[in-house]
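Following are the structures in question.
Below, chain A partners chain B and then partners chain C, in two separate complexes.
The block that comes next holds the complex of A and B.
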């Protein structure tokens, strides 16, 4: 009798243990460590996102150009250069209408170069006349697109995570892509209006995150956000997102970003867009050093805030620099002639990029000059020849030896 | 001809040789000075003596931007005399800190990228060695904390808060000893330069308390405060003046105290002073009032206080002071300016056009013609026109033109433009209409002038000299998408006609007087705010 009892107990134990062991870990997930430190785990190993934003528009074309079906496959040339630099991730702002072509890009980059893809979605932010986030049919339409995207690509081994939205939160103040609803229109106080927009938007994001988790437990869902604006509302209404993917342009450093996020909305952060342009708007000449200087400093701070660095807040998962190649169409997207010229007129001002802030009217940010590699008008293999800028080499060296100081505690393992 | 050329060549060669000689002499002098200072360091009997010599040597190397050479020198020094190691380590950290700044400034990127991490390592490691080798009562201990904080602060990294806490703790510990207090002031100066005002004030207080605990005479305290004021250190000057006033106020008779207070108030209310602070000046004005009552204020002092309040943007109080001035001194030379500004503050800032008009009317009734009388007539016309009383408005504009008698051309031109509008049955200029709507309509009460800042430079311009008028609109962040703001300028724009895309402009005024520039800033989501600049032209 006793023997039978022990036998049964052992069977139960073995069965439970086997069942537990058989439950697979998600392919990509976020591991929460002590003191709210976070690590991205991919295939069972910690993964630091060393990324670039990718949108390889050739000279003479604009954002409508379908590079996905380019027979010269620019991503193969770029992927090789990226791999040599140490890039392990690209960020795509949104997929393309032909899923086979999207799959091909994701597969080629992953299979040939081990580069994974963060796949994003604009959530209809640029739709005319405005993104109606308070409108149910609009929400349904966006939701359908998102779930289609997830279903189509979730089994691609190269997918790293999903990023919902970009700087959509800037619409809460009504200054960019202003949208409203009957309820918001009735509210006279602008601060309350702003809160109402944030609540509607983040609740929608939360619902999307929940739906994605149901169909794809293998990839985290990121909330794309400009700076940390609105995240105090997101904490309340979007608790189900796995991480925040932020767009940050603060010059040499990210300031108190990491601690601020911890205090506002304790989620891991991936800086999915940051960087510096390579044109000095004050001296009116290309300045690759200036770009490399800012990028090296930014990467140093990203590494200081990884979970591996015991002294920082440990909530950073990495970053994706803006951007891989220059885009010559950006200054004047309506003039096809202008797409053939590398425009040197600045589009916006940012005092944190201080070397050329004395440019006329403080307009120092040159949108067409953000590439880690420049484009040449010379054609090689059917593509504009890629010319790596100084930042390419400086960041490559930083990634090889990311020492942050002699103190051993401050050293970060190469991953 | 040939001989002439030869002479020129000879002259150039001689000049070059002389320059080389001078350079050689300078190098030899520096080298000799370094040797002398090195000897001083080696023979120094106290840490203070060697520190002074270290500082002098550091200046020589830093001035010549010879950072690597200085680090080699410090290395050898530390090896020669073990006791010097902490100071050598501190100066190594300081040297690498300045070197990184220098490389960035001159954009020596090759060295920056190749050696940057090594230098950063050295800053942290050398400072840490100083901390390990010294006690909290040693000056290098505090200096090491200071350099570490500056390093982390510049990098805005995760360690800067902790480094600041460590620095504050180190300063407090250091001050408990009997050593020289100047390192605490040095730390406070740096904190102040980095706009850490709360923290710098804490350390300045420690410094001032130590100064007070010495046998310093009240007069010397006053002179010390004046010195800090002259140096542009407003924060420390205020603390020392407060301590000085505290020391003298118990025994000083009223008759003596009030001129002292007046002198301090004048200093801090001066519009062009580097260390000026209108809020501190008003605090002193209040002490004058407490000491001697309102009657103590003679008319120049009331005028000064009113202008100071205006500068501090305490408009309601400024208006009361101007009213007080005109009531007590009816024939004051400042009466017209005071009445006009009272009218402006009532109308445009306090949203009370009824009271504003009373003050403009007071001026309009005057026989004597002054710039403010002319401006008041224009304001009265404008308010009538805004109220759709074109006939009344036309009367005021015509009276203005008649009174001006060919003078005041800039304001006359504005009145003529308004008259043209009236005669052509056109609406009031859009920008002016917007300014008056924003300031006077009840539904715009939320536009409280806190989101738009207007400044004129210089603060008190002269007639026919350039004045720069700048605006800053505080809008919600919009990331890479630049929000297009429209700037609706109006009022006394002088010789300029700024476009709606211009956030700033330069102009000139052809007569002395009080000029008003209005601005409405508009974003795609509506009016951001309204702003007003009151410009006194001399």
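The block that comes next holds the complex of A and C.
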């Protein structure tokens, strides 16, 4: 009898162990390590996102240009250059109306160069009229688009993760695309109004994350956010997102970003947009050294905060630089003639990019000059010739041998 | 014999080396004078760099009235009339004169470990916001900036020391300086300075970054020595803002409070405005001068609106990014002010306040205050 009992127990144990072992791990998932450190795992291996934001608009075109159907396939030229640099991920802000073309881009980059894709969605943020996140029909419309996107591309081997929204949280205070609802309008206190918007928006994101997880357990869902603003509310109402994908422009340092997130909303962070322009608005000339200096410093901080580095909070998964190529249309998007010129006028001011902050009116940020590669008016293979800037080589070398500080001699294992 | 020869050779080699070392030690000056007496040959710098409300300053470099040593001291008369509308003023001793970093000059003061000077007020109680060594920027920048203050002067001569141990003094063109504000000295200040010099003192040790004790005031009262940060960072439509840091009607505590009038006229076309309290004045992350406020868990302040209903979009601490950025930021808002004094609190838990150059800030805009806004602030402090 005793023997039978032990036999049964052993069988149960073996069955359970086998069943557990057979349960497949998601293709891409976030592993939580000790002390709330996080690691992105892809195909069973740790993966540091070494990314770039990708929107290859040629000289003379604007954001409406359909590069997806460009017969010269710019992503093939770019993918090769990216691979040589060490880029393993691109970030696309949103897909395109023709899913076959989107699939082709994702496949070409992955199959030819091993480059994966973060696929984003604006969540209707730039639609007219302004986004009404408290409006059920609007929510349903966006939800339908999101689930279609996930269903269409979830089986593409090149997909890395989904990123929902960009800087939509800036609408809570009405800074951008102000929106409201009857309930919010009745509230007299503006701080409470702001909270109500955040609650509605993040609850919606949470619902989307839940729906995505149901149909696609293989890819994490990121909450796109400008800085860390509003995340104390997201903590309450969006617990089901897997990570935060932040847009950060803080010059040479991310400051206390990583610890601050840990204290606010303990989720891993992917800095999905950061960078520096390559034009000195004060001296009025291109300055590739300046761009390379900022980017190297930013990557150093990203690496200092990866799970592998025991000295940091360990909640960073990597980043995606803004951006791969210059975009010549950005300074004056309504003037087709201006798209043909590489405009040197600054669009905004940011003191943390301090080399050229003494430019007139402190306007030092040159939106058309953020490319890791510059565009030439010379045409090669039907495309504007790509000319890698100094940052291309500096970051390539950093990724090969991530030196986190001469004094500390800290190194992170290359992945 | 071999041993003796070896000793002799060692001695022959070692003796001249010792002699050189002694000579070098003897050649190293023990002090380096900034100012001793008017016209003294030892003076190395000139008080030529007048800053801020320079029209408020009168200098008498041959004051015979009770010098500390010698025959003269330097008398400063700061009227606090805000002649240039800055609310602060100061004087920098420079080499060569009038050098704001555009010319080569200065001295290599490596080896000096402190700067000492003697100062007294005409009445006692005069407040010098800070004394400074170095800090000149420009094409030929000083290699260090060291500050001390605020200092409340006595009516008798007193010696003050600025610790320079561990500082890079290899190029110093701004030998010494002082700044103060009209808020600290609403009725002006007359004070004297004498015997300013760098010295070698082996007892001086490098100072670690000091964690400031709490409470740490941004603003307590109009002329309080405990005030830190300067309301110098006017942003957006700065022409729409009037600032009075010595407003005496109905303060929350003490004898004065801050009155701010935001007219909402979009003078510069921005349609918004605000003020940053900075350390030092006008520091947008260009000067390495942050306070370590790590002990703080919150910032509290009292505010009221003239009518009630004025809307401030944000009250904030930190958040300025530059070469020397604030280590973190935190804020509250929008806030609709009451007519009565109300206390507000900015939570700092989990924040890194180890390096703060931007002690406090408010910002608002026309859209939410179409007729402008008048409001009052008092007792702004880190706790």
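Miscellaneous remarks
Heads up, the rule we're going with is that the second predicted complex is superposed on the first by the 395 of 415 C-alpha atoms of A that agree within 3 Å, B and C clash if a C-alpha of one lies under 4 Å from a C-alpha of the other, contacts with A are read in each partner's own complex, and residues count from 1 in each chain.
By our rule, contacts are C-beta pairs under 8 Å (C-beta built on N, C-alpha and C of every residue); 3 or more make two chains touch, one makes a residue touch a chain.
Please read all numbers here as calculations on a predicted model, not as lab measurements.
Once chain A is used to superpose the two complexes, chain B occupies space that clashes with chain C. In the superposed pair of complexes, A:260 makes contact with chain C only, with no contact to chain B. Touch criterion met: A:354 reaches chain C, while chain B stays clear of it. Contact with chain C, but none with chain B, is seen for A:191 once the two complexes are overlaid on the shared chain. Once the two complexes are laid over each other on the shared chain, residue contacts for A:104 go to neither chain B nor chain C. Of the two partner chains, chain B and chain C are each touched by A:173. Between chain B and chain C, the partner in contact with more residues of chain A is B. Contact with chain B, but none with chain C, is seen for A:226 once the two complexes are overlaid on the shared chain.
Looking at the shared chain after the overlay, A:344 reaches neither chain B nor chain C.
Of the two partner chains placed by superposition, A:218 touches none, neither chain B nor chain C. After overlaying the two complexes on the shared chain, residue contacts for A:94 are found with neither chain B nor chain C.
Superposing the two complexes on chain A places one of the chain B stretches 6-14, 114-122, 204-212 or 312-320 into chain C: stretch 312-320. Judged by the document's definition of touching, chain A residues 173, 194, 252-253, 255-256, 259 lie at the interface with chain B and also at the interface with chain C. Listed in rising order, the residues of chain A touching chain B in the complex are 167, 170, 172-176, 178, 194, 226-227, 229, 247, 249, 252-256, 258-259, 289-290, 292-293, 296-297, 300-301, 304-305, 309, 311-313, 347-349, 365, 367, 390, 394, 397, 401, 403, 405-407. By the touch rule above, chain A contacts chain C in their complex via residues 173, 188-191, 194, 250-253, 255-256, 259-260, 263-264, 350-352, 354, 357. By the touch criterion given at the top, residues 284-286, 311, 313, 320-323, 325-328, 332-336, 349-352, 368 of chain C touch chain A in their complex.
On the side of chain B, the complex with chain A involves touching residues 104, 107, 109, 112-113, 116-117, 120-121, 124-125, 128, 155-159, 161, 475-483, 523-526.
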